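Input: a single structure, listed below in structure tokens.
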Amino acid sequence: MEQLNNIGASLDFYIFVSIALFSIGAIGVLTRKNMIVLLMCIELMLNAVNLLLVTFSTFFGNGEAQIFVFFIIVVAAAEATIGLSILIMAYRNSKSIDIEMFHKLNG
Amino acid sequence: MELIFLPLILGIIAFFVPTKWVRPFGLLASISILAVSIVHLINFNTSDYVMLFNPAEIFPLGLTFKMGYDGLALVMVLLTNAVISIILLANWNREISSNARFTGLTFLMQFALIGLFTSLDGILFYTFWELALIPIFLILYWFGKQDNNRALFKFFLYTLLGSLMMLLSFIALGYFAPNYSYFQLVQANFVGKEVAAALIMGGILFAFAVKIPLFPFHTWQAPTYTNAPMAGTMLLSALMLKMALYGMIKWMIPIGFEGLVYLKWPVITLGGIGIVYGAIIAMKQKDLKTLFAYASISHLGLIAAGIMLFTVSAIEASMIQIINHSIVAVALFLCAGIIEDRLNTRNIDDLGGIAKVAPHFGFWFAVMTFISVSVPFTAGFIGEFVLIKELFTAHWVIGITAASTLVFGAVYMLRAYQGSMFGPSKVTVFADLKWNEYLVFALLTLAAIGFGLYPQIIIDFIKPSIQFTQELMSGDLTLTK
Amino acid sequence: MGKDLLLLTLISLPLIGAAINGILGKRMPKLIVGSLATMMVFVSFLIGLTLFTGLDKTTIVHLFQVAKFEDFTLDANFQLDSLSIWMTLIITGIGSLIHLFSMGYMSHDEGYHKFFTYLNLFIFSMLLLVLGSNYFVLFFGWEGVGICSYLLIGFHYNDAEKGLANSLAARKAFIMNRIGDAGLLFALFMMLNHFHTLEFVEIGKMVTASPELYTGIAGAITLCLFLAATGKSAQIPLFTWLPDAMAGPTPVSALIHAATMVTAGIYLTVRSNFLFELAPTTKDIILVIGIATTVVAAFIAMRQNDIKKVLAYSTVSQLGLMFVALGMGAYTVALFHVTTHAFFKALLFLGSGSVIHAMSDEQDIRKMGGLSKLTPITHITFLIGTLAIAGFPFLSGFFSKDEILAHAWMSSPIVYGILMIAVTMTAIYMFRLYFLVFHGSFRGGEKLKSHVHESGLSMTIPLMVLAVLSVFGGILNLPGIVFHDAGHWMSHFLESTTYGLNQIEPEHMDGNQSIILMCIASAVALSVMTWAYITYVKKQAVAKEDADMNAWEKLSSNKLYIDEIYQTIFVQPILWLSTTLASQFEQRVLNNGIFRLTSAIEASGNYTRKWQSGFLSSYLFWMVMGIIGFISYYIIKSTFWN
Amino acid sequence: MDALIIIFITGLIGLFVGMLKNSRLTLAVISVGLIAGFLSMYYMNDYQSIFQSYQGLQFSRTQHMFALLAIGLTFVSVLLGYTYFKEDEEHTSDYYGLMLFSLTGALCLIGFSNLFMFFLGLEILSIPIYVLVGIQKGNSLSSEASVKYFFTGSFATAIMLFGIALVYGSTGSFEMNEIQMALDMGMSHSPMLNIGVLMMMAAFLFKVGAVPFHFWGPDVYQGSSNAVMAYMASVVKLAALFAFVHFFNFTFHSVTPFVAGLILFAIVVSLFLGYLSALKQTSFRRMMAYSSIANTGFALFAVLNQQYGEASLWIFMIGYACSTIALVTINMIVEKETDNIANWKGIGYSNPLIGITLVISLLSLSGIPPFTGFFGKYLLLSSAFTNYLPVVILAIIASLVGAYLYLRLMVLALSKEGEGNKLKMNLTQIIVLILCLGGILGGWLVLLI
């Protein structure tokens, strides 16, 4: 119970941190052109979510959220692998991993 | 049920009939359908509704699947079947009638029309209304001129816009009645919500106005007629347009009369404008088909204006006039088609002196001309007489406007006839009529004169339905269904 | 055989004839076709006679009910009374004579059976017109005769040079009649709205029962009726079709455009006398228009060179005279003139027809002359006709015209004066015509002269019969002042149908006056005759060419330019409107407007597509923008909403 | 429940059977598996399942219907894919396997009753699609499409997760009904929750492909193969839309009025943007993508319809999916090296089956009765009629533009110039067309049951 309280005091702090992380990730996604970096930024966003979930789970004092976090980690891993393979294939087709290269499909 | 589904089945069969059998098949099939409807006519002796399909329970969306006919609907069904047989007969010597696609589509359209006339459920009505659009569209597209896409799109989108407005109105109606059964809808109570009723009816009326077509919404008509094949034009003007007029009588007035007071005079005015406008434009048209198209704008403007008077006599006269217009439309477009077949032109300037080389055609064309200017002894006369009388009673200005059709009609019809048949004989060789064309003309004349001398036979059939409407409007009516 | 049945047979016989000829005529020999048609009409004439003799009171025959509407019914009823039977006799009598004449006249025409079909049809519709017991049936006949007249005027539509003109004339006649018909329709509507019936008798009863109720509406109704009458009976302003209608074969002109159809207007007015009696204004209008028409037409007739055109304008002028009588409320007098006019005008037309036949279709009087020896019978009969119409003493025309003049004198001397001028002009042009055609030397050249011949019996017999009639026709209605007890037989006969009238009987004026009037009339006729004889026979004056005419003559020979005026005032503007509407409004505004709209919608697709740039970064950017937009929406809403 | 297992295992088996390099056999195995899954889903309530106890997946009657529809549509897509996949024998099974895995995800997404299952379903649904889109290795368009889809998709996932986290944070539970209760107790207007809901909504809009998160749609549809596109347009859209509707009609129903404005905005813009942009396309799949954006706009009316939303969505989706699959099949039959619409000229004239199918599916798409498409639209619009009349009218206008679009295609395809060029179809395609035809003509009859 005390634990809950003393995290309760600084709950907002955790939330802000994770929001900040999330925003950084998002801004990275927006600004960077290298696909690998994009991938990393998305990972960062996911981790921000993880942080948030863990915070809440501590706040509510139940483990559900932490289980959810495990799900997220697994899924993130899967996504990363898929993403990398797609990236490789894309690289094979057009010798580049700069997303600006890909605008044949438009209009 | 067979009344409704026979055309559908025959239509589907028609697609698979080998080419050399299509022609007789089509004619026989249409005649058999006509025979079925005549059987219904013989058994019809009640002023009440004959339900063809009347499920007890009510399905989601307030769908009730009620189908049946009263005198009004039965008359329209008969008209449809008769006209389609006539059209197939008229096209007997044209290769279009040996085309399985055409025959099939014609029957599908017949199915849609009969369904529309017999449907007693709002959504069914709307469904058939839309359904009727598809076969005619394909007929126009496949058998019309090849460069007619623009006209086609105009036609389709115009009518579709109308239908969507109608859909909105029907959705709105759903809030005024427990379900979409006709008998529930007519009891929809708009007291205190007249404006709402006016808006709803306005939506429905828009769809009708486009189909009829009323004055500002008619631009699809002339190009569509001009590009369409003869049969397509006949189907359009002899049957398609009647859907809208029937809808006005059967669906618009009984359901939304509370709101129609707001629409009455606007529509009558548009009709009046249409009468004069169509006639005046028809005067100088060169293309026979275009001329007849504008002429029919003029005729139908009169009918629409008459219906909007809501008086029993006017509506009875409108029905007579509806039937007459079907006769006239088939007749005139057949004449135009005959000329086009023989000479590959419909331009009055290139014609002239046909009556000399083809006296029989000249004679029949003259008869049809007189029928279309609705001289006495023809159904058109009684119709126009009473319609104009009612309009005149309503207001003398509209009466005089409507009466101008007497003079103007004579002007453009005689001009068309004189220009193509008489005068300097530009045309030297012109094959005279074929047997089927003789037959068609004879039948049409017979019908026109028969109804012209004894229109009572129509009135007797439709009177109950119209008095039903009147009782609704006067408020003393208890419905059982 | 009951009256009803007789009446129905009387009506239906011509229809049967038409049907038979129309269907089988092509295969039957001409003689049978013609005689069948003639017999049909003649038999109905005989039936008419029997009915005429057995006539006692008004009988109405109900055939069937055409249609029953909410507040009125349309019935096919027929009425047998003095007026209708009188008209029937004229129609069938003259009609059978003209049928007989046509058998000879049309013998060379390939459309023989068609012609007789149409003629019989015409007789049928004319009988409907006069025998109908209500305005509805009357309207059937009214339009029916219009159609037949259309068909018969344009009968020679495929004539090499005149074909187009013929068909155009037919069209003009039909359309102008249609304008009149519209008037009749409106009259019918008003009657339906106020009397809820169209039966003559019932309306008559209502009106006579309480005249004061209906004075207002009667004015409107009668005006519409008179509009119809002007259409059918070729009065100002709708008279220009009649001269053109001469394009039809001559028997047609005789039957339709002189004897019967054009008098339908007079019949209509007499039929509705009970209404006209309530509308003094209308009667004045009728009077004025009648006077104007008779003068104008007579003036135009003076310088026409087409033999039939002259007679046509004289017809218009005579009809005007009848309307003058109607305008003065002298209905029986008008009918009397209708009768005599039917006799002598039919005679004149047939005579001219026989002339034209003899001249092998030459109608220009400048090419004729001296036909008196070549065609003796025609000459005599034509002379009788001329004398009759010119008002030569004791011929039919003399009496009928004199009645009208007497009434005119009673109403006002001015009217009488103007009418006298018209009468004088009538005499002038008729004698001019007569002398130019039958006297002097033949001007048509030898070749034509060689085969000028008298017509066959079938044509001359009618001429003679009609000649006799036009001589003794006056007996029907001798002026009471002179032949005291024998006088006004016809007026008394017709009183039963022209009931409720207060017409001035010439008895009221003292004998000397009326005798003086007669003397003046005959003096005029005789003096004109002598003058014309001197000018055209002694001085051999021939109709002038347009070049050396003075202004008045030009005006006359160009028909006062009325056709041109109508063209510019009515026809051109409407046609202009038609073209402009079609090209400007229809095309520009409606068509292109919608097309522009659709193309604009289609083009807008190009702009919406631009958003889809194809760059991943922009996609992501817009997604973020979307989220930011959502959140700002939330912030705005939560701050301003609650 | 068992259906998921069956389908998943079938996918695995399929992968192994694929080694035999016999595409017919693979197809047979997969079909059997799908049918088995369908039946087990159909008779779900008639027998004791060992997984009955599991609370994470609950199939209510509606969800049941949706699940069946999803399986059915997948089956159709599988059949449709056959002709295309059998070209490279050794990878045939991969397609099927991936499709089936993705279907498993879809089923989770339909049957979820807590956020775990929801999230897993979403991912299991999406990840195979990323692969499927890019599976044409040599094709640079395909790889581009898959890149775009992957990055936008995973970005959306991140947003979705953040939303979920915030919702959890403000309600303290992952169980749908508990969240609902928590919201009903009146925490609904805490900023955290609302922002969470908004973010989830954004992610949903992305998944269903509505403005302004629609950008992936056209590119991905064009880049992927016909079969995959058909699958995405039908099953993926169905599952995503259902989840969306389910969330906002039940769990978040107290929040829905609050976000209604945004959804209406999305609806209107999607409708117009979709149809207008589609007018000028030359690539068929791209055009269908835009049309699918517009149709999503219609489908979103279901979100605002608390009462009949899901039922209406079902009717609408069967109409839309069947029409789309039918059209894609036809496109597959006529497709030359490119999927240019010009290939369609006159195909309908002398091939009756194709002609009838395309006419009916296009009419159904333009919302003409008595086809299912009409009833779908009718239900959606009529429910929205009272509250959102202006939007309904706009939707009507937009559907007129749509009608013009489909009409043009119809006219092109029915042109007489196609006289006599018979296209050859193999059995599977014919079956697919007939199934779709049945769906379009008969789908709405479900209303009467």
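Which chain is which? They are A, B, C and D, in the order written, and residues in each are numbered from 1.
By our rule, a residue touches a chain if its C-beta (ideal position, glycine included) is under 8 Å from a C-beta of that chain, and two chains touch if they have at least 3 such contacts.
Treat the numbers as computed from the prediction; the structure is a model and nothing was measured.
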>> In terms of touching chains, how many steps apart are chain A and chain D, taking the shortest path?
In response: 1
>> Using only Cα atoms to place each chain's centre, name the chain farthest from chain A.
In response: C
>> Need the central chain here, defined by C-alpha centroid distance to the all-chain C-alpha centroid.
In response: B
>> Using Cα averages as centroids, what's the distance between chain B and chain D in whole Å?
In response: 43
>> Based only on mean CA positions, could you tell me how far chain C sits from chain D in angstrom?
In response: 79
>> Using Cα averages as centroids, what's the distance between chain A and chain C in whole Å?
In response: 100
>> Roughly how far is chain A from chain B, centre to centre by C-alpha average, rounded to an integer in Å?
In response: 67
> For chain A, what residues touch not just one other chain but two or more?
Replying inline: 26, 29, 99, 102, 104-107
>> Could you pull out the residues of chain B that touch at least 2 other chains?
In response: 153, 157
>> Give the residues of chain D touching no fewer than two other chains, as numbers and ranges.
In response: 147-148, 151, 155, 159, 218-219, 404
> Pairwise, which chains touch?
Replying inline: A-C, A-D, B-C, B-D, C-D
> In the complex formed with chain A, which residues of chain D make contact?
Replying inline: 115-116, 119-120, 123, 127, 130-131, 134, 137-141, 143-148, 150-151, 154-155, 157-159, 161-162, 164-166, 168-169, 172-174, 192, 218-219, 222-223, 281, 286
> Along chain C, where are the residues that touch chain B in the complex?
Replying inline: 64-72, 74, 139-140, 143-144, 146-147, 151, 154, 157-158, 163-164, 167-168, 171, 174-175, 178-179, 181-182, 185-186, 188-189, 192-193, 574-575, 577-579, 581-582, 586, 590-591, 594-595, 598
>> Show me the residue ranges of chain D that touch chain B in the complex, using the header's touch definition.
In response: 349, 352, 359, 363, 366, 368-370, 374-375, 378-379, 381-382, 385-386, 392-393, 396, 399-400, 403-404, 407-408, 411, 414, 416, 447-448
> Can you name the residues of chain A that touch chain D in the complex?
Replying inline: 15, 18, 22, 25-26, 29, 35, 38, 42, 45-46, 48-49, 52-53, 55-56, 59-60, 62, 64-65, 67-68, 71-72, 75, 78-79, 82-83, 85-87, 89-90, 92-94, 99, 102, 104-107
> Which of the residues in chain D come into contact with chain C in the complex?
Replying inline: 147-148, 151-152, 155-156, 159, 189, 191, 194-195, 198-199, 201-202, 205-206, 212-213, 215-216, 218-219, 258, 261-262, 272-273, 276-280, 401, 404
